[in-house]
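Just below sit the structures, each encoded as structure tokens.
Okay, so subunit A shows up in both of these, paired with subunit B first and subunit C after.
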Partner chain A sequence: MSISVTPSIERSLPRAAIGGLTVAAILFIAFVVLPSVGSDYLFEAILTPFLALALAGVGLNLLTGYAGQVSLGSAAFMAVGAFAAYNFNLRVPELPFLVSIVLAGLTAAGIGLIFGLPSLRLRGFYLAVSTLAAQFFVQWALTKFGWFSNDNPSGIINAPPLKIASVTFDTAVGRYLFSLGIVTVLTFLAWRLTRAQTGRNFIAVRDNQTAARVIGVPVLRTKLLAFAVSSFIIGVAGVLWAFAYLRTVEPAGFNLDRSFQILFIIIIGGLASIRGAFLGAGFIVVFPLLLSRLGGELLGGIVDSGVVEMSQRIVIGALIILFLIAEPKGLAELGRRAARRLGGRPT
Partner chain B sequence: MSSATTGALLPAGDLYPFEPAGVTRDPGRSRSGPAERGADVESAQPGAERDAVLAISGVSLRFGGVTALADIDLTVAPGEIRGVIGPNGAGKSSLLNIVSGLYRPSAGHVRIAGVDFTEVPTQRLAHLGVARTFQNLALFGGLTVLENVVMGLTSTIRSGPLGQVLGLPAARREDAANRAKAEAIVAFLHLSGVAHRPAGELSYGLQKRVELARALVARPRLLLLDEPMAGMTATEKQELAAFVREARDTYGTTIVLIEHDIGVVMGLCDRVAVLDYGRKIADGTPHDIAADPLVIDAYLGVAHDADETLEIEEAV
Partner chain C sequence: MEDVQFFIEVLVGGLLSGVMYSLVAIGFVLIYKTSGVLNFAQGALLLFAALTFVSLHERGVPFWASIGLTLVLLAILGTLIERVVLRPLVNQPPITLFLATLGLSYVIEGGAQLLWGTQVHGLDLGIDDVPFEVGGVLISSFDLFAAATAALMVALITLFFRYTRIGLAFRAVADDPFAALAVGLRLTRIWAIVWTASGVVALVAGLLWGARLGVQFSLSLVVLKALPVLVLGGFDSIAGAIIGGLLVGATEKLAEVYIGPFLGGGIESWFAYVVALAFLLVRPSGLFGQKLVERV
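Take a look at the complex of A and B:
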């Protein structure tokens, strides 16, 4: 039963270096290469929504993947972020836009904290149902009280342009780069969090609450922190969704479907994995577009477009089921396994 | 005050006992000491209770109409390995859950490190210098072995989430120090080879050992082991027994060991208490226990006359 010592550390070093290089390469492509070659369609219809949803996925993954608290209220926290940013921007015009975004995140964190309180008593499905309350309550409040939308009769507000100092990001590429910058910073901080003691506390609470309590993990505080941090990130994702992608702020953009979409993103991408949120968001955003192009080209002339769209949904649904049966741990695990196989190391 | 004591138990980077405490360094003495005192230490020697690392007095536990524990007294002297044995359902785990605050006793109180509790605050357990393992595996499956062990130091963490995320010097130093401590314990328990594997992937025996490492890393004054050898092979049991003894001898940890397997307990423990149907039916050295007719009845089936004695006792 003697076990050989050493190789683990030596093995983990080059892997960390490879990971760092990969991230650097992706960032280089995203920041430098794509803006010079991509089309407006790519940025407006694919990359910007992808970034916003990926960020929301990162936020939800902290809460659900790492801390094990299931939430169906993600879209509500996105809405809180978007409306808070709009109102801070409107009512305190001298506030720099970045500060408005941070304040919007903090507002979402506050609301998330309140709706996280049931997690102190409820777990699993019961908690998920109680987070639905956030979804319905926030949407109701935003529609009911005109103050939030500045008494706009239609309830749909045009979002003001994105601005840092005197630079305005009002082109498709500009909005994309703005989103990319914010997503990069927040994702890096989230990644740091998962690697730190606080992230380990999240996992400990998820994996064994009793053992965590005995060791001295402040279980209640950890859960509430997870809700707050997660809602902060999701709130900022909401700002990006409304300001950079839709360019309107309206409650309908943040309905229950959106919450489910974000949950699917992290399940398909991989729970408790930062990378998973991006892979999942890529799948959810890009795949339907690809399918619709393919469907349009193959069947466009023959079959009614409504039928084409319906069959796409069926195909996507079937693929999700098949995929989850084949790889329940998500795309991130699939990638990890492929990398391991390429590296020639047996599992 | 409690955190200060815990701190004193954790000299940074020091793997060796900082206090040459005679009691803990000399197993022979700690073994013979209690032996002379005999079976009812608690009532005969109030001084022993005052010095005890753990003193349970008059603890009862009732779930509805079911009595899981009835008026249990138990003291644990510094540096000893204290066994608690008994058949299934005797209340051993319940007793440990009361000591770690997961259950609230219906009556009686628990004295840990000189402080009396009617309900032990689980959240402060680590600060009181108490660590425990669980009967069923209770590792954090999503963390690596090393990370699991680092988690054992949670109660000593000073840095906040923000400091950790931003990588402030204090947080980084703390993290590095904790990793070093964890690596030392991991090496001590011969787990270095699997240190970076997810804990959930390991074999049952190894996972049990990781749990021991996680409990030991904070250098607890009192370590509660709930059936650490359950489900192990004979070889694994012997290995773990050796580790437990070594932990006591090296770190001076006082250990309460709950075990189903009499054989292991007899070889390992300085004193053994026997529970049956929630009552303590014997308490003494392994030698005394082995000869006690009540214990033999409880374990090997009940001889007719002994059965009557029990019934009379219960009636009284």
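Take a look at the complex of A and C:
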């Protein structure tokens, strides 16, 4: 992974301008055009989960893509975020909802910091496996101790409506816009972070820890910071997933499969790329929907649903492998290459 | 005295169930040693092996013929995996390979169940699970059988590594893949063989676990039990897998009995991980894992 630190000015200026314009256009479409033309199905089943997962992807990408620390416990931090937001909202009712979200993110960051401590000693797969401790411990704690779910007998809680000041976002479009706003702000902050000294420290630690230490990067602090920031963002993503998409808060949805899903998102999208998290999330959300619709139409009448489900599993697994073989750098790289070819300018 | 006896009973039970974890972990170690891949599909492989055997056996194929057929299928699968998955991904970072095995586990799980159905199969290996008493401590005879099988398998693997040409080639590749290539070893063939070998380990582990839990989808989840064993013992050490398994099994059972009640039970889902974690903080490459030497 080569990151060009000093692109020549005359070339980077127009490119930055084009990039800015693209982002502005996408934001315009997302904030203005889509809400006026989209259907409720589009918002509820596709766009809102897409936003939550993309945000989680951005968070994990900071940790794994930029700082090089592989985590298999993302879903645990989503769960921490969701449950923290629920409890802040429940126990301190006078808190504005946005403040609850920030506090939930901070809670997730705190827990992330604790489970990030092993990263100071461990590398590679040893670290990856140890993050599974977070996954299993958090899920166990949330199910075991009734306090977290306010002693709800079923463990499934209806999430309270999203609210800013006196405005309630309780329609499909409203929840989408609410998520979009939060995702936009956090993504912008994450993007700024990657361009700042901190982001360069992340990359330095990822590429060569010893060399980073030699040139004066505070390795320990950088790693812990990566865990905290990443967990904060993933925690907020968990709030969106539970409050805006599912509208219930339950530990079961934040299982190991979810953690793997988020890891897939950043691998398929592209490591160390903010754009990649969005591309990957789009793929992960839309693709199974297409597949199940296709599978239903092709095989629905002939074979039972168990077979369809198994075939889907096979196809998804095969596609993951195919993807890794065909484009190990992810969709973001694919996009970059396509743009280069269209632009006809070698970079 | 009662207390001591009870303690020993829990300890022995834990150690013996730890052997079952080691059995799964050994399959991982074989692959990690020779190809540097943390093979998440090992659980799926285990499910595939056990399910294939049981289904063949249920359809009237004699015991040993079923074993033989399953082994043939596993060899084909190992070769296919090398050809289709590993070879195109050569030189990719380890995380990419890990995710590829995750994809692979979906394919194998889906394939096995598509082929043989999703119902639970009982598996009777003809070993009675009658507990017997040694000095006042009850020991399960099935667990002992499992431990003996594991010991036999480890002995065979060790002999194989030490005294056969292929074993020598394995060790060469594990030591230095580039040097191995340079002296003319065929890396691709060795990978295919090693995946087959870990398929064989998966079959043995799958049969023993299957006899315990019934052959069904949840068999593939035993990977999650094997992972803390691996980090504890070191990813690339068979001895580590054994000792790690024993440690995890014993501490897990002891904790379940002596600490569990204070935490409301159900701690076995994460306790092994916490033990492994605490341990890793002292020795970051596990008990017997290769030390990481860093150069700039």
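Quick note on the criterion: the second predicted complex is superposed on the first by the 338 of 347 C-alpha atoms of A that agree within 3 Å, B and C clash if a C-alpha of one lies under 4 Å from a C-alpha of the other, contacts with A are read in each partner's own complex, and residues count from 1 in each chain.
Here is the rule we go by: a residue touches a chain if its C-beta (ideal position, glycine included) is under 8 Å from a C-beta of that chain, and two chains touch if they have at least 3 such contacts.
Keep in mind the model is a prediction, meaning the values are calculated, not measured.
Colleague: Once the two structures are overlaid on subunit A, check if subunit B and subunit C clash or fit side by side.
Modeller: The answer is fit.
Colleague: Tell me the contact category for A:M310 with respect to subunit B and subunit C: first, second, both or neither.
Modeller: Second partner only.
Colleague: Is A:A211 in contact with subunit B, with subunit C, with both, or with neither (first, second, both, neither)?
Modeller: Both partners, subunit B and subunit C.
Colleague: Report for A:I203: first if it touches subunit B alone, second if subunit C alone, otherwise both or neither.
Modeller: Once the two structures are laid over each other on A, A:I203 reaches subunit B alone.
Colleague: Could you give the angle made at the Cα centre of subunit A by the lines to the Cα centres of subunit B and subunit C, to the nearest 10°?
Modeller: Spelled out: centre of subunit A as vertex, angle of 80 degrees.
Colleague: Mind working out whether A:L225 is in touch with subunit B, subunit C, both or neither, as first, second, both or neither?
Modeller: A:L225 contacts subunit B only, not subunit C.
Colleague: Taking the superposition as given, does A:L180 touch the first partner, subunit B, the second, subunit C, both, or neither?
Modeller: In the superposed model, A:L180 contacts neither subunit B nor subunit C.
Colleague: Counting only touches as set out at the top, which of subunit B and subunit C does A:L324 meet: first, second, both, neither?
Modeller: The second partner, subunit C, only.
Colleague: Can A:L189 be said to touch subunit B (first), subunit C (second), both, or neither?
Modeller: A:L189 sits against subunit B, while subunit C stays out of touch.
Colleague: Tell me, in angstrom, the smallest C-alpha to C-alpha distance between subunit B and subunit C in the overlaid model?
Modeller: Here the least C-alpha separation of subunit B and subunit C stands at 5 Å.
Colleague: Following superposition on chain A, which residues of subunit A contact subunit B and also contact subunit C?
Modeller: Residues 208, 210-211, 214 of subunit A touch both subunit B and subunit C.
Colleague: Where on subunit A does subunit C make contact in their complex?
Modeller: Contacts found on subunit A: 64, 70, 118, 121-126, 128-130, 132-133, 136-137, 139-140, 144-145, 208-211, 214, 256, 260, 263-264, 267, 306-307, 310-314, 316-321, 324-325, 328.
Colleague: Report the residues of subunit B in contact with subunit A in the complex, numbered from low to high.
Modeller: Residue list for subunit B touching subunit A: 100, 102, 122-127, 131-132, 134, 138-143, 147, 150-152, 154-155, 157, 159, 161, 164-167, 171, 175, 187, 190-197, 205, 214, 235-236, 239.
Colleague: Would you pull the subunit C residues touching subunit A in the complex into a rising list?
Modeller: Touch list, subunit C to subunit A: 38, 84-85, 88-89, 92, 94-96, 98-100, 102-111, 113-114, 118, 224, 227-228, 230-231, 235, 263-264, 266-267, 269-270, 273-274, 276-277, 280-281, 284-286, 289, 292, 294-296.
Colleague: Which bits of subunit A are touching subunit B when the two form their complex?
Modeller: Listed in rising order, the residues of subunit A that touch subunit B are 1-9, 11-12, 189, 192-193, 196-198, 200-201, 203-204, 206-208, 210-219, 225, 229, 272.
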